[in-house]
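Shared chain: chain A. Partners: chain B in the first complex, chain C in the second.
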Partner chain A sequence: MAERMTTRQLTVRFGNAEAVRRVDMEIPPRSVTAIIGPSGCGKTTFLRALNRMHDFTPVARVEGSVRLGDREIYGNGMNPVELRTRVGMVFQRPNPFPTMSIRQNVTYAPKRHGLARGPELEELVERVLRQAALWDEVKDRLDHSATSLSGGQQQRLCIARALAVEPQVLLMDEPASALDPTATQKIEDLIYDLKQEYTIVIVTHNMQQAGRVSDHTAFFYMGHLIEYGATDDLFTNPRNERTEAYITGRFG
Partner chain B sequence: MSTETFVVNPVRLRLRMVRDHAMVGLCVLALAAAVVPLVWILWDVMAIGAANLSWAFLTELPGPPTVGGGGWANAIVGSAVVVGMAMLMGVPVGVGAGIYMSEYGDNVLGRATRFLSEVLAGIPSIVAGVVAYGLIVVTMGRFSAMSGAVALAILFIPVVAITTQEALRLIPRDQREASFALGMAEAPTTLRVVLPAAMGNVLTGVMIATARIAGETAPLLFTAFNNRFWMEGLDQPTATIPVNIYAYAISPFPEWHDQAWAGAFVLLAIVLVSNVIARTLWARRARFMRGE
Partner chain C sequence: MVEPDLRRVPGPPVEAGGAAGPGRAAGRSGVARPESGRAAAASPWAAPLSPRTETLSPLAGPLSPRRGGHRPPAPFRLRDRLVQRWFRYATGLVAALVVAVTLIVAHQLWVGSQSTWQEWGLSFLTRTEWNPVRGEFGALPFIAGTLLTSLMALAMAVPVSLGIAILLSEYAPRFVRDPLIFIVELLAAIPSVVLGLWGIFVLAPLMQSRILPAIAASPLGWLPIFGEPGPGYNLFTASVILAIMVLPIIASLSREVLLAVPLDQKEAALALGSTRWEAVQHVVLAYGRSGIFSAAILGLARALGETMAVTMTIGNRVALTFDYFEPGYSMTAIIANELREAATELHVSALVAVGLVLFCLSFVLNAAARLLVLRLGR
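Up next, the complex of A and B:
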C-alpha cells in the first residue's frame, strides 16, 4: 500500500525565483520523513511538488523528476487527478468543507471515485474516523456540521478525509502549527500510528516535533537540500555546519 | 531613549476630539439623507397602496375607466410569468458566466466577459427593450410575454454574473486545494465545494437582480406590451404590474390612480416576501455552515 517517492534534480521556479534547487531525495515507505528549515527555505514548495499542487499556480515551473514507486508523476502516463488520490495532503490550517457534515466530508471524494457505496461507505466512514482517532468523539453526531468541531478535531477530520481515498503517501504541511499542545499531541500520536501503513512526509518548523515523530529528517536551506539522514543522527551528529547552526537555534 | 512621560497637548487633544465628533455627525447626516426618502417612499406606497387594495384587485380583470372596480389579476400573473421566465433563462446563464469568470477566467475570454458584464450591467434598461424588440418582436410580428422575458434577462444576467463571480472569489483557496488534494477534478470542486460555500452571496445577487427586473417598466413597453385580458400564451402580449402602474398613473382617471398605488404596493410586497422567504430558507443552511 505504501509507496516510495524519489526526486531527481527537482527544481521549482516561480517566475525567475528558484524556490527548490536540484533536490535529490528518496523517501522510504512506511516511515515518517520530516522536512525542516527556516521560513522561505522551500520546504512547503518541495512538498507541494510531490502531488503536483503547483499545477494551479500559473507562474510555477517544475523541472526534474519525481517518481511514485517507479512511475514518473510529471510524465505523460500519470494524470494529476489520479496522482492526488495516491498522494494525499493535509494542510497547515484545518480546512474541512463547511457546507458538508462530518460524514459528507469523509464520503465526498470516495463516493465520486466509486471506491464505496451504501453500507461499504458507512464502514469506510467508521474505519477512517477510527484511524484518525476521531470516531469516539463524533460517532453520535456524524450529520453535524464539520465546522462544529474544535480546531484539533477538524484537523483529524481532514486526515480522515485524506485517508478515505486510500492514498499510498500522505503529505502534511505543518499539520499541527495552528493547534494547541493537546491537539498537537494527538496529531503526533496519530502520525506515529499511520506510518505502519503509509509513507508520510511532514513539513514542520518545530524541531522537537521533527525529533519526536520522524524516522528521517531533511534540512532545507535556500531551496537546497543541505542534509538528509536518520533523524537521530541528524539531530545528535549533524555533518553540515548550517544544519548544526539551525538545530542548535543559532539562526532561523 | 528618554523615560519621560509622553505629554499630550490638551488644546490639540480637545481639537481632535471635536473633529472626531464632527466626522461622526456628518456620517449620521449622510445616513439620514439616504434613509429618509427611502422610508418616505415605502411609507407612502404602503399606506396609500394598502388603502386601495381589495380582493377584487388581486383576482379580477381590469374594469372600464371612470367606473372603478375590477383588478390587476392578469398583470400580477403576467409579471410573475415574465419575471419567472427571465429568471429561468438568466440564473443558469448568469451563474454559469460568474463561475467561468471566477474559476476559469484568467485569460482573454475571461477578461472580455468581465468587461462586457460590467458594461451590460450599466446600460439603460430601455436599450435591453430595444434589443428584444429587434430580435423577437420584429421577427415574430407581434408583442409577446417571451420578448419581455428576454429583455429582462438581458438586464438580469450581467448583475448575477458579476455578483456570482465576486461571491466565488471570496471562498478561500484552501477550500479548492482541499478538494484537489483528494483527487477531485475542477468541475466537482467548483460545483460541490466552492459554489455551495458561496451560495449565500450568490442568492443575494439573484434576489437583488430579481427585484430590479420585477420593477422594470421601460424594456416591457414595446416587448410584453400590455393586455386588458388574460395572456393567451407566451407568444402573446401580456399586462405586467410596472407597465400597468405607468399606464394607470398617467391616465386622467382618479380611480386608476388609486389602482396604480395598489399595484405599487403589490409589487413591493411580492419583492419583500420573496426576499424574506429566500433569506429564511438560507438562514438554516448558514447556521449549519457556522457549526451551530
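Up next, the complex of A and C:
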C-alpha cells in the first residue's frame, strides 16, 4: 500500500517569492520522514506541494517534479482529486467537520468515493478508529457531534478520517502543535504504529518530536533542503553548520 | 506498545542568557511542549490566505465561540473604571429604550384595536369579509396575501441569493466579483417606490403578455397555486418584486456567512479528495447553515413588512385566494390604502388590528428563527 514519493527540483512560488527552492528529496515508504526548520522556511509549503493543495491558491506556482511511486503527480495523467485520496493530509489545527457526528466524519470521504457501504462501512469505521487509537474512547458515542471531543481526540479523529480513504501516503503538518503533552504523546505513538502501513511525512518544529518519531529527517532553511538523512545521524553529527546551529538551538 | 529507540537525540542545551526561543527549554522534560506562541506565528495559512475569516458577520454569532474577556493590567486607573461603568450604563439604557419602544408600540396597537377584538375576538383572524360600508371586517385575506407573497418571494430569492453568494465567495475571480457585488448593492439601494413603478410599467405588462402564459403552459402550470393567467397585477407579480427586494439582503449576508467559514474546513474536505463543489456543498454550506438560515429570515422579515412596492403591484382586491395569478391584498397594503379614509372608529380599529397581527407575525417568525439558529448553531 505505502508508496515512495520523490521530488526533483521542486520549486514553489507565491507571486515572486520562492518559498521552496529546487528541492530533491526521496521519501521512502513504510517510514516516517520528519521535516524540521525555523518558521517560514517552507515546510508547510513543501508538504502541500505533495498533494497539490497549492492548486487552490491562485498566486502559487509549482515547478519541478513530484512522483508518487512512478507516477508524476503534476503530469497530465493525474487527476488531483484522485491524488488526494492517495496522499492524505492532517492539518496543524484539528479540523473535524463540526456539523457531522464522529461516525459521519469518518464515513464522509469513503461514501463520496464509493469505497464502502452498509456493514462494510461500519467495519471501516471501527478499523480506522482503532488504527487512530480512538475507538475505545468513542465507541459508545459515535453519533455524538465531533465537537464534543477534546482537542487531542479531534486530531486523532482527523487522522482516522484521513485513513478512511485508504491513502498510500499521509502528510501531517505539525499535527501536535496545538495539543497538550499527553495528547501529543498519543499522536506520536500513533504515528509510530502507522508507519508499518503508510508512508508518513510529518512537519514539526519540535526537534525532540522529530527525534522520537522519525526515521529520516530533512532540515529546511529559507526554502532550501539543507540536509537530509537518517534521523540519528542528522541529530548526532550534522554535516552542515546551519543544521548544527539549528538543532543545538542557536537560532530558530 | 514498543518504544522507538530513538531517544538518544540530545536535548538542545539551554544557554544561559542565550537567545533561546520560547519553545527551547522544553528539551529537558523529554515531552514535547506545544509551542503555542510560535505556532500562531507559524501558520501563514491563517494569515495571508484568509483575511476572510476576520470578517465576522453578526450572523456568525452562534458559531463563533465567545472569547473570554482578558483582564486589564494591574494599574487600572479609577478614571478608566468610571468611564467603563458609565459606558455600561449608557449601553444598558439604550437597550432598555429599544425594548420599551417595542412594548409601547405593541401596547398602543393593542389599545387602538380594542373595538375590533371586542366585536369579533380571535375570529377576526379567520373572517374573510372586509366591507367598511357595512362595518364588516376580517383579516384573513390580508394575512394570506402577505404570507403567500413573502414565502414565494423567499422561495425564489433564496436559491438565487445562495448561488450568488457561493459564486462571490468561492469561485468568482476579482473582475467578476467586484462588479457583481456592486450590482447587488445597487439593487439594495433602489427605493421601493421606484421598484413599484418598474413593476407597474414594465413587469406587470410583461407578466400579462408573456410570463404568466408561459408559466401556465410549462410543467409548473400544473401546480395548484397557478390558475388561469389573468391581469398583470397579482400575487405572483408582487412576489417577484419582493424577491428582487430581499435578494440583496440574503445574498450579501449569506456571502458574509460563507466567507466566515474557516478555510481549514474547506481544506479538510479538499484534502479528502472532494471536488471544490463537493466541499462547498457538504462542508461550507453545512458549516454556514444557521447563518444562511438567519439571512433568509431577515429577508422574510423585510418581505413581510414591505409596503409600497407590494401595494403598487399586488392588485388590491380583497379576496381569499391561493391562486398566485389572481390579484390579492396584503396587510401592509390595506393599512396604507385605507387608514387615511377610514371614517368609522371600527374601521380604524380594524386596520390597527391588522397592524397588530403583522407585528405579532414578524415577532413570532423572528423568535422561531432565533431558536432554530441556536439549535443549529449549537
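In this section, the second predicted complex is superposed on the first by the 252 of 252 C-alpha atoms of A that agree within 3 Å, B and C clash if a C-alpha of one lies under 4 Å from a C-alpha of the other, contacts with A are read in each partner's own complex, and residues count from 1 in each chain.
Note that in this section a contact is a pair of C-beta atoms (placed from the backbone, for glycine too) under 8 Å apart; a residue touches a chain by one contact, two chains touch by 3 or more.
Not measured: the values here are computed from a predicted model.
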Chain C versus chain B on the shared chain A, clash or fit after superposition: clash
Per-residue contact with chain A, leading partner among chain C and chain B: C
First, second, both or neither for A:240, with chain B first and chain C second: neither
Chain B versus chain C as contact partner of A:178, first or second or both or neither: second
Contacts of A:196 with chain B and chain C, given as first, second, both or neither: neither
Touching partner for A:9 - first (chain B), second (chain C), both, neither: neither
Partner chain(s) touched by A:149 [first = chain B, second = chain C, both, neither]: first
Contact residues of chain A, present in both the chain B and the chain C interface: 51, 53, 56, 81-82, 84-85, 88-89, 91, 93, 95-99, 108-109, 112-113, 145, 147, 158, 161-162, 165
Complex contact set, residues of chain B against chain A: 106, 172, 174-185, 188, 192-193, 196-197, 199, 285, 288-292
Contact footprint of chain B on chain A as seen in their complex: 51, 53, 56, 58, 81-86, 88-89, 91, 93, 95-99, 108-109, 112-113, 144-149, 158, 161-162, 164-165
Touching residues on chain C, where the partner in the complex is chain A: 1-2, 4, 6-15, 18-21, 23-24, 26-27, 30-36, 38-39, 41-45, 48-49, 262, 264-265, 267-276, 278, 282-283, 286-287, 289, 378
Residue numbers on chain A that touch chain C, as the complex places them: 14, 39-40, 44, 51, 53, 56-57, 81-82, 84-85, 88-89, 91-93, 95-100, 108-109, 112-113, 145, 147, 158, 161-162, 165, 174, 176-181, 184-185, 188-189, 192-193, 205-214, 231-232, 235-236, 247-252
